[in-house]
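After the structure tokens below, expect a handful of questions from me.
Order of writing sets the labels: A, B and C. Residues in every chain begin at 1.
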Amino acid sequence: MGRYIIHRVVSMVLTIFFIVTITFFLMHAIPGGPFTREKPLPEAIIKALNEKYHLDDPVWKQYLDYWKDLLRGDLGPSFQLKHRSVNELIGLGFPITAKLGMVSILFTLLLGLPMGIISALRQGKWEDYTTMFIATLGVTIPSFVLATVLIYLFGVVWKIFPVMSSKLTRPIEYVMPVIALSGYSLSFIARLVRSSMLDVIQQDYIRTARAKGLSELRVIYKHALKNAVIPVVTYLGPLAAGLLTGSFVIEKLFSIPGMGGYFVNSVSNRDYTMIMGSTIFYSVLLVVMNFIVDIVYVLVDPRIKLVTVKEG
Amino acid sequence: MDKLLEIKNLHTSFFTHVGEVKAVRGINIDVYEGEAIGIVGESGCGKSVTSLSVMGLVPSPGKVIEGQIHFKGEDLLKKSEKEMQKIRGNKIAMIFQDPMTSLNPVYTIGDQLIEPLRIHKNMDKEAARQKAIELLREVRIPDPERRLKQYPHEFSGGMRQRVMIAMALSCQPELVIADEPTTALDVTIQAQILELMKELKEKFNTSIMLITHDLGIVADLCSRIVVMYAGVIVEEGAVRDIFYNPKHPYTWGLLKSIPKVNMTSKERLVPIDGQPPDLLKPPAGCPFVPRCRYAMRICQQQHPALYSVSENHRAACWLLDSQAPPVEWDREGVSLK
Amino acid sequence: MGTNIEQALFQPLETQTRAEDEIVRPSLTYWQDAWRRLKANKPAMIGLTIIIIIVLSAIFVPLFWPYDYSTQIRGHENQGPSWEHPFGTDSLGRDLFIRVIYGARISLSIGLVASIINLTIGVLYGGISGYIGGRVDNIMMRIVDILYGVPLLLYVILLQVVLEKPIEQAFETTFLRVFKGVGSDLILIYIVLGLVYWVNMARIVRGQVLSLKNQEFVLAAKAQGASGWRIILKHLIPNTIGPIIVTVTLAIPSAIFTEAFLSFIGIGVSAPMASWGTLASDAYRGLRSYPYLLFFPAACICITMIAFNLLGDGLRDALDPHMRK
């Protein structure tokens, strides 16, 4: 176990190093630099700006400086919003995005797991068909379409839920954004659990459990469930990634002042430090989450240790 | 000796989307108390389906459609699921073919061993644990206290099969059904497992139904053999009858395919050519016709009845009819181990 | 054993009559079998039909439709669906139906081109990695692992921003000028999506190659002195084709989806030709008054996604050799 964790930490650090390096050099490969505008700024101002942000230094020095700042947790100033640092913007937006994300993850798991399990246990019955019909729609309808449909029907036509969720202070404001954001992952999990459950209940050890004289209920909840849920753990990383990036558009549609909105704005304003900072922030966040998921995976599935022994 | 299990005219079919696959087509088997009986045949001949029918665990879309299975005088097929749960693992236990997949990978051996003791014998946790340790010792697993806390992947195949045996014996069942218990194991381990089963059978006086495709392994453990082909019994008799005086051409084929210890390089193992018939449309006559060197016109048209060869030795083959041409079985191909 | 059966019946059988008795299932090739299974799969066939209809309309409808995607019809602004304009018109009086059809051209071409690019990269990368094996494989797969842990959509956005200017320039200055009609926006999307999403393909190809590498037919080819490349092209790739087809089929809708997503947040394909995502995004602003403007492009995206997913799932079932009986 110790060795496994060390192995994963090393690969996590390596990944973060690559992410920062690639992101940095990509952003610096943009021709003309960050202050190129449709209407060119006067030479003197560009020169002053370049000096202010050390853009006249050699690239390798800028790279090292960026690392120095980064290790102190400083993502640098925003190039477009005066007197704001990237850190401040993330600090403003991220808590809101995180709240929305957490609620969506909970919603996804609380609804997706039972949907998949019921569907598998009632294979070929109406419960199965209904659930899988919904889940198939869920994985194929893009979140922004689902969101606009929800907004139009429940916000504009029937006026049941508020259209502008603003700061997510009241529970009712969560309803539509959470449904729109989790639609895909929820359906994906339901399908994943269903197929893994169908696979598990055909396994020999389930037959063994039945042959021991266990009741069907006990066979399912003790012997099948734990095995069937293991693949879901591996999906938690991509799930978080999907929810985070999905929130770009959801936040825009519901006017939620989260980090997604800032990020999308920074892209259309070509705010390079903000783009770079958010990309690195998101990526590192997800890499760390994947790391945690991997550790959880080991705790859930005792066989994993064997795999690492083979690898090491 | 009393009859412990009596299978009467059992028919089990699988209702697949292409049609009804008649996996077991009217078989009769008796198992006596303290007796070990071998059920032999190729894969797909219905022997595993027979055992699952006894357990009441025929997987969907399979179903027992006719017959009776009397266990100590009571028809198991008439019992409710709840009643069957009290019998499974308690009165009738089962050992499966592949020990690598038959244990749940996410629970410790201890958890899985304790389970039947807790539900059938109402033992408390500690008593069940003690009993589990004792059982592991019984099946010769060293250091049982430590082993109890380990997961299945930390055991070798042979060790896992020992665990499966310990689990099957935990509630001291009257009948153990062993479905190809050694097929997935190395030859040396096979011998050890068989030896262990033989020893435990004598110690606990358990009846055993040993299901296998390998005639070689039944000789040692069993007193009687039932040979199955395409869902029917083609020959049955004492081990001695089957090995020294086999009457069915299929049994001859099986015997020829057993490797012998004193085999010279000129002798070869003879496989049985061809495939068993498709049980979607079982043939009207003897199912072995397409693969039988001695097939006659009658064999295609009518299913042969069981002819008695001697007391307790019967075979379903038209060659035994007085009108059939005499066919001599070439004894050279076989030797009892 | 007294029987009253005719003695004649106890004559040995001729070998030929015996052979007839065997029930032989007709043996099919891999592709015939796969096609048979696919045909039996109703949802997959529905998906396939929808895809064919969409592709055919994207190709042929513009040839005879009275309006062009940019024609502004005075006096026809903001009309709801009618016989003349089945999907209605937008605020500039453009026929939405033909715009959606052109959107289909754009979205489908993005799905196709992006998938072909990631197919090429993925097959080369995964094939080489799996075939060479050893340390090379180890390093190549570590890189893939790293890419796997990264939120790729962010890098699509990043590349989009980074490559925007160079590609625009390349289209004005180099020989690429001839492709200018396609639009540098569109080319940019092709390249970016193609460059980013090959990781999955590489993994699948490598897995297949590894499992096939040591099988007998490859050994046989080696023994006959076939070169490494020849083995990859002639033996390994044809044998890995099933899972690859499935992955491509599922990659197409995901590329279409990603483009729509990017367009929706404002960095996809821009005017005058519009992708479905752009159309939906434009329509969102007028959602309260003109919901049909959103409905049609959104419905097209959904239907296409569902169709490709149904077909992909069907292909998976049909081509998966483990499920063959």
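Keep this in mind: contacts are C-beta pairs under 8 Å (C-beta built on N, C-alpha and C of every residue); 3 or more make two chains touch, one makes a residue touch a chain.
Just so it is clear, the model here is predicted, and its values are computed rather than measured.
Within the contact network of the assembly, the step distance from subunit B to subunit C comes to 1. Each chain gets a centre from the mean of its Cα atoms; the one farthest from the centre of subunit B is A. Pairs A-C and A-B differ in how many C-beta pairs touch across them, and the larger number is found at A-C.
Note: centroid distance subunit B to subunit C, computed from Cα atoms, is 50 Å.
The geometric centre of subunit A is 24 Å away from that of subunit C, both derived from CA atoms.
Between the CA-based centres of subunit A and subunit B the separation comes to 53 Å, rounded to the whole angstrom.
Residues 1-3, 5, 7-13, 17-19, 21-23, 25 of subunit C touch subunit B in their complex. Note for the complex: subunit B touches subunit A at residues 55, 57, 59, 81-82, 84-90, 93-94, 96, 98, 101-107, 115-116, 119-120, 151, 153-154, 164, 167. The part of subunit B that touches subunit C in the complex is made up of residues 274-275, 277-278, 281, 283, 289-290, 294-302, 307, 318, 320-325.
Residues 11, 14-15, 18-19, 23, 26-27, 29-32, 136-137, 139-142, 144-145, 148-149, 151-152, 156, 237, 241, 244-245, 248-249, 252-253, 264, 267-268, 270, 275, 278-279, 282-283, 286-287, 290 of subunit A are the ones that touch subunit C when the two sit in their complex.
Those residues of subunit C that touch subunit A in the complex are listed here as 142, 145-146, 149-151, 153-155, 157-162, 165-166, 169, 253, 257, 260-261, 264-267, 280, 284, 287-288, 291, 294, 298, 301-302, 305-306, 309-310.
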